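Before anything else, here is the set of structures, which you'll find just below.
Next come two complexes, and both contain chain A; in the first it sits with chain B, in the second with chain C.
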Partner chain A sequence: MTVYYTFIINRAGGLIYEYDCCPRAPDVEISFNYPIDLKLEMIDNRPTVVFGEKNGVQVGYVVIECNGCPLAPGGRIDSADDDSLAKTKSTKLLDYLADEANYPVLLKFWRPTLSTNEKIILSSMFHSFYAISAQLSPVPNSGGIQVLESTTYRLQCFQALTGNKFLAVGDPTCPPLDQLLHKLHELYSDYALKNPFYSLDMPIRCDLFDQAVQQLVERFEKSGVLLV
Partner chain B sequence: MRGMTIYNLYIFHPQGHCIGYYEWHRPKRASINPAEEFQLVHGLLTSVRSFNEKLSPLGPRQCSVSTMKNRLHYFETATSLKFVMNTDLAAFGIEELLPKIYEQVYVPYVTGNPLAIKGELIQSEVFKQKLSDIVQSHASFA
Partner chain C sequence: MSKQNVKSNSELFSMTYGALVVQLLDDFESDDEVNSQLDKIGYNIGLRIVDDFLSKNPSVGKCFDMKEIAAVLALKMYMGFTATVTDWSPAADEFSLVFDGNPLAEFVELPQEKHGNLQYSQALCGAIRGALEMVHFEVKGTDNEIRVRLIKKLDDHLPATED
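Showing the complex of A and B:
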């Protein structure tokens, strides 16, 4: 019974609050001999696995370290040249891995988590899904998306009459998240709307609200049922 | 309002156009023409899939999207053929029905049909008949 994320989306589809308690997958470190048996490509400026699986590393994992040294942004390896300590040579990881002389090589892989920008993009996407699914429904007055289920998670959405959407993403085995969402709406009313410094539809930056949401999610994860 | 039922089925080619649309009950029709509706459904599916991939890298082949009154079931084969079925909320066993439609109806009567042109609208009357049989004999169809 785990809640991975909770989001609040305003009427225009903008993300105004997000709470992330997604468990982090452990990093995986593997030693490779030539030729490397995972296919890597630069995606979003990061060396990403696009084919192959090994020791838990799957498609979508990103290389973050090479021989114990963190990669520089853009997937480059910084190494001091032998001639001078001040001089730094920069090599692309993919070029480095193409050279047989560099093997064996130790790589550390990381399963990417959602960045803030990605969460904003996902919220806007969901806003569109909500409207489109209402339009495409074969039954009248069905409203937008309430539940989005897959084998790895379940997303539930509650849209208040004011148009704000409250989303929770949890484990597929999680009990229904309706109570959590309604409680979240209640907390939003108490801590955000009653805050005289809060501008409507802007991101919520309120310590009391953060604490209340954290306690709410913890209570929900413990018992699965929320009483007053 | 009736109880459990299956509303309609879309079949999409890997390249994204609709090669089959079948309807059993549809109280509400979209305000756009069918060709635009198919594009909209496919766009929704593509976005939902990339949404899934972001939330969880281990992308599933099957997922479902529910509203207050209906549920959209989505099944994608390894060759990226997409089956989309709208049902009532109470319908059950659709997760097994879609693969069954693919294995028992689509593969023998479309893939196995030398006259069927790949990537084009399915013209086979036998396919349509067999599809209706398998859907109407399902427990969730009423």
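Showing the complex of A and C:
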């Protein structure tokens, strides 16, 4: 009964609203002896697990701390060198872990979440997939993607006649999200379009709309049915 | 949660609209400019109100024919008046909406000698034009017995180029 994300995409494929209530996995801290039994590589400038599992850390997890110190951007370790007073030495984490003299070492892992830019990119991709799926249809006058299911989530999409898309991503065991999407469309017309200072097709930054969406999702998660 | 359809006294709306028209007459030199401003205001209202209409009437689907558009426009959801559809053109791309009385001009007597060109309810035409454009139709409307004419069907899969 969990709703992870709610998105509104405008007619041009731009993300104009996102409500993220994805549960956060806790960070995992593990002490390692040489040699480290998880394989790490730099992906998107972050030291990422590419092979191996341990204590809940899986492929895709990112190292964020080493010996209690947050990593600098680019996966580097800043440390004061003992033999010169003010000099700061910057070492790549992967080089640091290759040296046996640095062990044992304490690493903290974080399961990455979608950044705002990633959500914008994914919304544009979905917009294209939606149009392609309508064109690929063997049946004439087909609509686009309405339900997209995987083992870990179900995505449902409702496109209003005006071209705006309302998406919700929920648990596979969720009841159908249609009611949630239609209610979201109502809230959109009530709190966004009737706000005279909201420009069409621009990101929605209205506190009243945020509150209304939050209440809607909470009610849906509680009962699964939305009555007037 | 979401607001229910709030019923309000139509007199309040009529008088608010009247105040708006009088203000525009003060602000602009000619009736033609006031007409275009009213149309623009109505157009902007129509762009937004169509989502409200569609979200509260889920049974209204995509229209593939002007007869379906006419049937939808006749609904009385906002003005409390029903409209009659008459005077179809032979090509079936043009029709007239005749209201039982003008809902906006309930208490209005136009001074014809001073404002002979004023289209008092032009905002209504603009609203229809804006609403239909959001659902991919381009239409033209004129005041006093609203005549709706289909200009073209906008492409479904591309954003409207007139934005």
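Please note the rule applied: the second predicted complex is superposed on the first by the 224 of 228 C-alpha atoms of A that agree within 3 Å, B and C clash if a C-alpha of one lies under 4 Å from a C-alpha of the other, contacts with A are read in each partner's own complex, and residues count from 1 in each chain.
The rule is simple: contacts are C-beta pairs under 8 Å (C-beta built on N, C-alpha and C of every residue); 3 or more make two chains touch, one makes a residue touch a chain.
Everything quoted here is computed from the prediction, not taken from an experiment.
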item: Chain B versus chain C as contact partner of A:R111, first or second or both or neither; value: first
item: Chain A residues touched by each partner, larger count belonging to chain B or chain C; value: B
item: Contacts of A:A134 with chain B and chain C, given as first, second, both or neither; value: both
item: A:G163 touches, of chain B and chain C: first, second, both or neither?; value: second
item: Chain B versus chain C as contact partner of A:K92, first or second or both or neither; value: neither
item: Which of chain B and chain C A:L193 touches, first, second, both or neither; value: second
item: Partner chain(s) touched by A:L148 [first = chain B, second = chain C, both, neither]; value: first
item: First, second, both or neither for A:K54, with chain B first and chain C second; value: neither
item: Set of chain A residues, in rising order, touched by both chain B and chain C; value: 134
item: Chain C-facing residues of chain A, complex; value: 11-12, 131, 134, 160-164, 182-183, 185-190, 193-194, 200-201, 212, 215-216, 219, 228
item: Parts of chain B lying in touch with chain A, wherever the complex brings them together; value: 7-8, 25-28, 30-31, 37, 40-41, 43-44, 47-48, 50-58, 60, 62-70, 72, 86
item: Touch list for chain A against partner chain B, complex; value: 4, 58-61, 111-112, 114, 118, 122, 125-126, 128-129, 132-153, 155, 169
item: In the complex, chain C residues that touch chain A; value: 1-4, 47-52, 54-56, 58, 60-62, 134-135, 157, 159-160, 163
